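There are structures below to look over.
Look for chain A in each of the two complexes below; its partner is chain B in the first and chain C in the second.
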Partner chain A sequence: MKPITITKSCQLKADVLTVNGCEEPFDFKELVADASLRRRMSRIVKMGVACGLKCAEDLPSDSIDGIVTATGLGCLGDTEKFMESIVVNNERLLNPTPFIQSTFNTIGGQIALLRGIHSYNVTYVHRGLSFESALIDAAMQVAEGRRNILLGAVDEITASSADIQRRLGMTRDYELGEGANFFVLNAATPGSNQTTVVDIDTRSGKLTDDELSKLIIEMAKRNGINASDLCVVANCNAATTDSVANRLSLKNKPLPFKTCEYHTLSAQALDFAINNSTANNTLIISDYQGINHSLILLGRI
Partner chain B sequence: MKIAVTGLGAVSGIGLDVDENIDALKHKRHGMEKPHFFTHLDVPVSEVKVPNVTLLEYLGYDYNFFLSRTALFGITAAREALSDSGIDVHKMRVGLISSTSVGGMDLSEEFYYSFRENHEHGRLRWVSQHDCGSSTELIAKCLHITGFRTTVSTACSSAGNAIMLGARMLKNNMLDAVIAGGTDALCKFTLNGFNSLMILDKEHCRPFDATRAGLNLGEGAGYIVMQRLDDAKREPYCLLTGYANANDAYHQTGCSPEGNGAYKSMSEAMAVAGLQPSDIDYINVHGTATPNNDLSEATAIRRIFGDRVPPFSSVKAFIGHTLGASEGIEAVYSALSVKNGYIYPNLNFKLVDPNIGLSPETEFAEGRNIRNVLSNAFGFGGNDTSLIFSKID
Partner chain C sequence: MEELIEKLKGELIAELNLEETTPADIDAEAPLFGDGGLGLDSIDALEIILILERNYGIKIENPAQGKEIFYSVKTLAEYITANQKK
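Right, the complex of A and B next:
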């Protein structure tokens, strides 16, 4: 089987853009030349479009065979803006822009539009497994013979969503996070500094540390790896990390990652793993609110 | 590897199950009425004709089971599809791939009235089903599906993309069976959104007619169960042989005059199925009845089929545009079209549009030899999906 290689990773978080882990200055005006289009774009759309365009900038449009995006809650700012206008204007003479932009596939659609990319374009919106769903699709696309796939994830914090998530008790353990991440996946033979996607597993519902460890051992086994050799990137809490490290008798100390929480944080964890782990096999363990769990197994030559 | 369709489930403004839907299509009973919920907008919509409590009772659930209407429709249709397939979810890897464009917005709207005055107000249960994944998780819970599930949201083509992912996961041996489709409840948010775009017709919509002036919205859910043909225990309805998603990359909400995205999705779906234009016997068009969509779609169809355009029709005047559920419900209709040789009537078509020069089918027919049905679903963001349902040789 051909490898599924990640040839580029970009992250935009707190106005800082990193390309393959290195900070890079960027000018949104250069990325989106049309001033009126820029003005219409909300914060999350700008964030996602900027990160996606930077990630795809070296690739000719006709070499991109797919854009697969993920978001837990989508364009919340626009959603609230339109809802507020319905109430305030009593359903009359509403500006359609926030409604149009509230659509979950806005960012994928805008990147396609700005770059003239006519290929496959799908968006996943499944809680803490949104990014994993997109990654599964993207990896499958590469395995099916497609060339470059632009894979991304974006979520934003808004004042309202922060209040609601606090009231729902979702911010007890971690503060809310946000960010945009994009990756280029293809079947290129990986270079010495490049990461490949080896395996992905997802689970919903409660999962004990014992069950989690068993899933990891099964995954390692079916990929011909000793679980104890894995370098773990822990996108989960410290107690789970320690417990799993003990059960698997990990030789390497896990790399702690999780300092905040949001639906597509595992995309940031992937960026972190690509740029910080030098091990042959890295495993990202993600946990969202104790209800969504994922394992992303990565390889490096 | 062949993908078989082994179960169907649908709920819409014209029926609570597949049989009721087909009966209404046969007898030209559409679902358009004035909206029942509070709105100033005077536009026809195709609502599912029963309140939530009646649906809960129909499903045998306690009336206190707190569900968004989106989840409720999803459970209704997905349960019908699963039971139709005869699959035991405990005996194989069964996945659920559901789509929605608004999730639990019907509840969030209620929450928002109190919340906007004071962020500490508003009952939390009314917002806890807001995210799209919530409806999918609730369907999975009610159907005892413990394996892979995800949610797709690409506006009006969502369910087509959910079905496409399901077929690919079966081909890649990641699942043994998959329930795929979509669900969407009407809400003030969507109705006002489409109204602000000025693409709602105040009258009953008229797909492909020269006087068409916009779409009518609808609600409901539709799911199909797919398995690898070799694994299918019951006789399948048909095969899913082709699928493709392409992007028009022309405008965030409008379609290109040449129908580039639609041309690409239809052509690629035929290539995946290994079919020529002459193999397609019926097209279930997206046909929303907006001047823009129907012209663009017809142009793309002309580019592929030339002067040999197969019989085609739009069911949108029956069930409305059901957005995230649209291709789920229409996939069910398309599968039955292959199985029983059904052609569905395109209601309200009287006058040929000179810019289109094509007339859709206006009468119900059955027993036709339909080898392959091409079904289209196009959405915002230039998102175009085409599926092909085929007879089993």
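Right, the complex of A and C next:
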């Protein structure tokens, strides 16, 4: 694939907004001045909209040719409110607001409405590969000649989803996490310290460390890179990281990233790689619950 | 009536997520919709219909009456007093 440049990255995690690695003051009232819009937004919508608006603030609306968002479980808080109201009210007299706001594409839609962006707007909900699907689409949009694409990923923890995931044993290795990440992608010639997305590969199902290592070697080979030269950002467990590092004979120690688990954590890993890796070629190895795997190869001049 | 007006104000704040509004901020005689009042919209009107049905057992049979009933907190309270079933 043709390398795509990431010109800006924003992250909202634990109420701290960072833009290109630097902390920025964050006042949601300033970002969304309309109180009647604000009051209907649940926590995840506020997180996503704030992060997306901040990321796109320097771009004129008519220069944004697409908004592509990703989420594993969507607007869970509103979905839970709506489902609860179905039970409590015996399937009658349901409140419209949680229903309207519970859809997966609420965040992409709200950003478009607030900024008056009338272009392509799609949300990917592909479990642990939601962000990767969105990234592939965004890269294809840029490759097809669209100018700036606003790419984002958002997921939230709610009390009941946390309870269910704990009971299902999904928190055995990592605690649950949440966050909002947005990026501006375009075909601009990358400047110094700007990151490009060079290649993406995804796999579903169990993958042995040997199979994973072979995929990495194939990816490195088709991009003319020696696998041992890669700087690895490990969004996977420590055992896999060590095993892959040995098999690839990595010259540099992998950068450990994974401290929690949620469907679109790989977006946070991308932000981490942009702001922490200075290598020419960085590879993000991601793994969601051992069943969704991805490789994102980044370049830097 | 005063007690019902205060109760209604609390219900409106809770159900419509009027996070930045307190009961004291709501003028019982000011219009609920449009400029000069709470600035509510059509989705809020649906939420108020649900408050009336769930909490007071009142179903508005004639939609043409809606504008008059929903004008302010006071007109809502008057309508509830006259028609309450719960």
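By our rule, the second predicted complex is superposed on the first by the 298 of 301 C-alpha atoms of A that agree within 3 Å, B and C clash if a C-alpha of one lies under 4 Å from a C-alpha of the other, contacts with A are read in each partner's own complex, and residues count from 1 in each chain.
Everything below uses one rule, namely that a contact is a pair of C-beta atoms (placed from the backbone, for glycine too) under 8 Å apart; a residue touches a chain by one contact, two chains touch by 3 or more.
These numbers come from a predicted model, not from an experiment.
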Three-chain arrangement built on chain A, chain B and chain C clash or fit: fit
Which superposed partner A:15 touches (first chain B, second chain C, both, neither): neither
Chain B, chain C and vertex chain A (Cα centres) - angle in steps of 10°: 70
Chain B versus chain C, judged by how many residues of chain A each one touches: B
Chain B versus chain C as contact partner of A:96, first or second or both or neither: both
Touched partner set for A:122, first chain B, second chain C, both or neither: first
Chain B versus chain C as contact partner of A:27, first or second or both or neither: neither
Contacts of A:164 with chain B and chain C, given as first, second, both or neither: first
First (chain B), second (chain C), both or neither touched by A:35: second
Three-chain overlay, closest Cα atoms of chain B and chain C, distance in Å: 8
Common interface residues of chain A - those touching chain B in one complex and chain C in the other: 94-96, 100
Touching residues on chain A, where the partner in the complex is chain C: 35-36, 38-40, 89, 93-97, 100
Footprint of chain A on chain C - complex, ascending: 15-20, 39-41, 43, 46-47, 50, 53-54
Touching residues on chain B, where the partner in the complex is chain A: 39-41, 101, 103, 108-109, 112-113, 115-116, 119-120, 124, 127-128, 130-134, 136-137, 140, 146, 148-155, 161, 165, 168-169, 172, 174, 188-189, 192-193, 195-197, 244-253, 260-261, 264, 379-383
Complex contacts: residues of chain A adjacent to chain B: 67, 72-74, 79, 82-84, 86-87, 90-92, 94-96, 99-100, 102-106, 108-110, 112-113, 115-127, 129-130, 133, 136-137, 140, 143-144, 159-160, 163-164, 167-168, 202, 204-205
